[in-house]
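First chain A sits with chain B, and in the next complex the same chain sits with chain C.
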Partner chain A sequence: MTTTTKSVSQRDNKFETFMWRYMRWSGVLLVPLVFGHFAIMHVINSVADISYEWVITQRWSFVGWRIYDAFLLWFAGIHGFNGLRIAINDYVHGESLNRVLNILAVVLMVIVLFVGTAALVLAPTTPVTLPTG
Partner chain B sequence: MQNVVKPFVSTVRGALTYRGREGQLAWFGHRLAGLGTLLFFIIHVIDTSWVFFWPEGYMHAIALYKTPAFLIGELMLGLAVLYHGLNGLRITLMDWRPSLWKYQRQMTWGTFGLTALIYAPVFVIMMGHILQIWPGIEIAAR
Partner chain C sequence: MEVTLKVRRFNPEQDEKPYFAEYTLKDVEPVDRVLDLLHHVKWYIDGTLALRRSCAHGICGSDAMRINGVNMLACKALVQNLIKGERGTIQVEPMYGLKVIKDLVVDMEPFFDHYRSVMPFLVNDTIPEGGRERLQTPEQRERFDEGTKCILCAACTTSCPSYWANGTYVGPAAIVQAHRFIFDSRDEAGADRLAVLSEENGVWRCRTIFNCTTACPREIPVTQLIAEVKGEIGRR
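Right, the complex of A and B next:
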């Protein structure tokens, strides 16, 4: 324990410094990205306008919106899950539970980034005709 | 379990008794808004991915977003995102120029004020959308 403490803490410090910088840089980028996304989806349009067909024909048929959404997904995803990591480390001091929660957070982040990216890349440019009920 | 409960209780107790004034309120709001937005983000990305993976599920999710609880949640999300973004800019600005620390109280109140100023018209416009789809309202208006 005592022999490895120094190198471990140095590695942690480098990581923490990197994430500290990342939170600020990504935050500055996310302000226009998220405010723009929110204005388009919730202020100019609303959930009343949004449908499966609308997302495909009005949004994802333009590759620019897919790229915009990919930036949102990755920058906000890593920013948000790093925030969760900081909160976990603030409140959960038990070593094993802290580790379990942090691993769960990473797993959840990977799942969210994976399914989000997969949908952005693979979603069709014209709506698939669905069996109407 | 004690390891979770103790820091949590001391956080809540601290938030209620520690007289950190507006700086503490800004910090607490930032954390609450950030974690709340993350919760929505996780649900939102998964249901939006259903446009590809499961279109019927996506339609069901959109129907769910039109229910009162989610419409109120949408209003709260707007406030959370707006405040978290503006307060984050304040933090970044102060970290970048530490000479601004002497104005931290004014900047914190400025952030609260700017949030309220921008949120007011956003709230009115969003309420307009919400009243159009709030169950029962449409029938009553006719």
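Right, the complex of A and C next:
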């Protein structure tokens, strides 16, 4: 009979513990955030009417909605990509492929959060008409 | 009663892949157990059938297997609870997530490796007051009572989809064993066990699916105990 003894680290794995907590709290917060978003974008307003001008004039002209959307972006973004990381670690057992996919997931998450945050911060308060042609 | 017993069989020395063998058993009593049916097949129909069992009374935990899609002990599974009416089919498979050695016998070593990783023994090097007993109140004893009921049958761990997906997950049974000592007032190695269980392959791979709680033949609230260990790690 073979016995494998795992090395016992003296410290707790703070990252995994933190992410577990993050998933729980962000999950709770995402319920009102997502339903609010859904109500505004799909129930109260029709997607047929929503345009760049509408977003700038009706929503993002008020900084509170930008903060609301920023919360949605960051909580949903990190929640979703951490879920992807967990799924990768559950199902991809090859060490090198696991690492490549994990790095890819982090890179994708950074891009999504960066582009979203840039849009929220840099979008003008009045619609800008882009030159045509 | 007439029972068609479908047994998933596999002999790696002969078979390319597993297959279901069907045995029709007549004059089965409703209070017969699945283990009785398997015994009948092995003793009177096909002696090559391989299965594990020791006490045959729900104590040793040797005969955990997948019966009609749910992990249970063959010695505690009554035919009358599996079949309604005078005839029916019972499907028996080896537990999932562990390598099949032959027929219903699986390699339990990976399971016991995880068990050992949580140090399933009392750790206390200090001499108790008076040099005799380590005293405990009934409430302190009650705190970890559920975990003491575990018989290491592996029904919980091998019913866990997280464990099926990734066998490096320490699994429900090992967490139950860790719980039994973490919450024991006499033990001093709780921090070490929690360190093991806070690793990526520790408690966080539990997705609260509850299959383990359903599967446990000792009716241990496994998922609840795992949640208590998660909470204990969270509080530190």
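As a working rule, the second predicted complex is superposed on the first by the 117 of 133 C-alpha atoms of A that agree within 3 Å, B and C clash if a C-alpha of one lies under 4 Å from a C-alpha of the other, contacts with A are read in each partner's own complex, and residues count from 1 in each chain.
By our rule, a contact is a pair of C-beta atoms (placed from the backbone, for glycine too) under 8 Å apart; a residue touches a chain by one contact, two chains touch by 3 or more.
Not measured: the values here are computed from a predicted model.
**Student:** Name the contact category of A:13: first (chain B only), second (chain C only), both, or neither.
**Tutor:** Touch status of A:13: second partner only.
**Student:** In the overlaid three-chain picture, which partner chain does A:93 touch, first (chain B) or second (chain C), both, or neither?
**Tutor:** The answer is both, since A:93 touches chain B and chain C.
**Student:** Chain B or chain C: which reaches more residues on chain A?
**Tutor:** Of chain B and chain C, more residues of chain A lie in contact with B.
**Student:** Which residues form the common part of the chain A surface touched by chain B and by chain C?
**Tutor:** In chain A, residues 90-91, 93 are touched by chain B and also by chain C.
**Student:** Once bound in the complex, which stretches of chain B touch chain A?
**Tutor:** Answer in residue numbers: 2-4, 6-8, 11, 31, 34-35, 37-38, 41-42, 45-46, 48-53, 55-56, 58-59, 62, 65-66, 71, 74, 77-78, 81-82, 85-86, 88-89, 91-92, 95-96, 122, 125-126, 129-130, 132-133.
**Student:** Along chain C, where are the residues that touch chain A in the complex?
**Tutor:** 109, 113, 116-117, 119, 162, 165-166, 192, 194-196, 198-200, 202, 204-205, 230, 233-234, 236
**Student:** In their complex, what parts of chain A are in touch with chain B?
**Tutor:** That would be residues 24, 27-28, 30-31, 34-35, 38, 42-43, 46-48, 50-52, 55-56, 60, 73, 76-77, 80-81, 83-84, 87, 90-94, 97, 108, 112, 115-116, 118-119, 122-124, 128, 130 of chain A.
**Student:** Which residues, counting only chain A, touch chain C once they are in their complex?
**Tutor:** Those residues of chain A that touch chain C are 1-6, 8-14, 16-17, 19-21, 89-91, 93.
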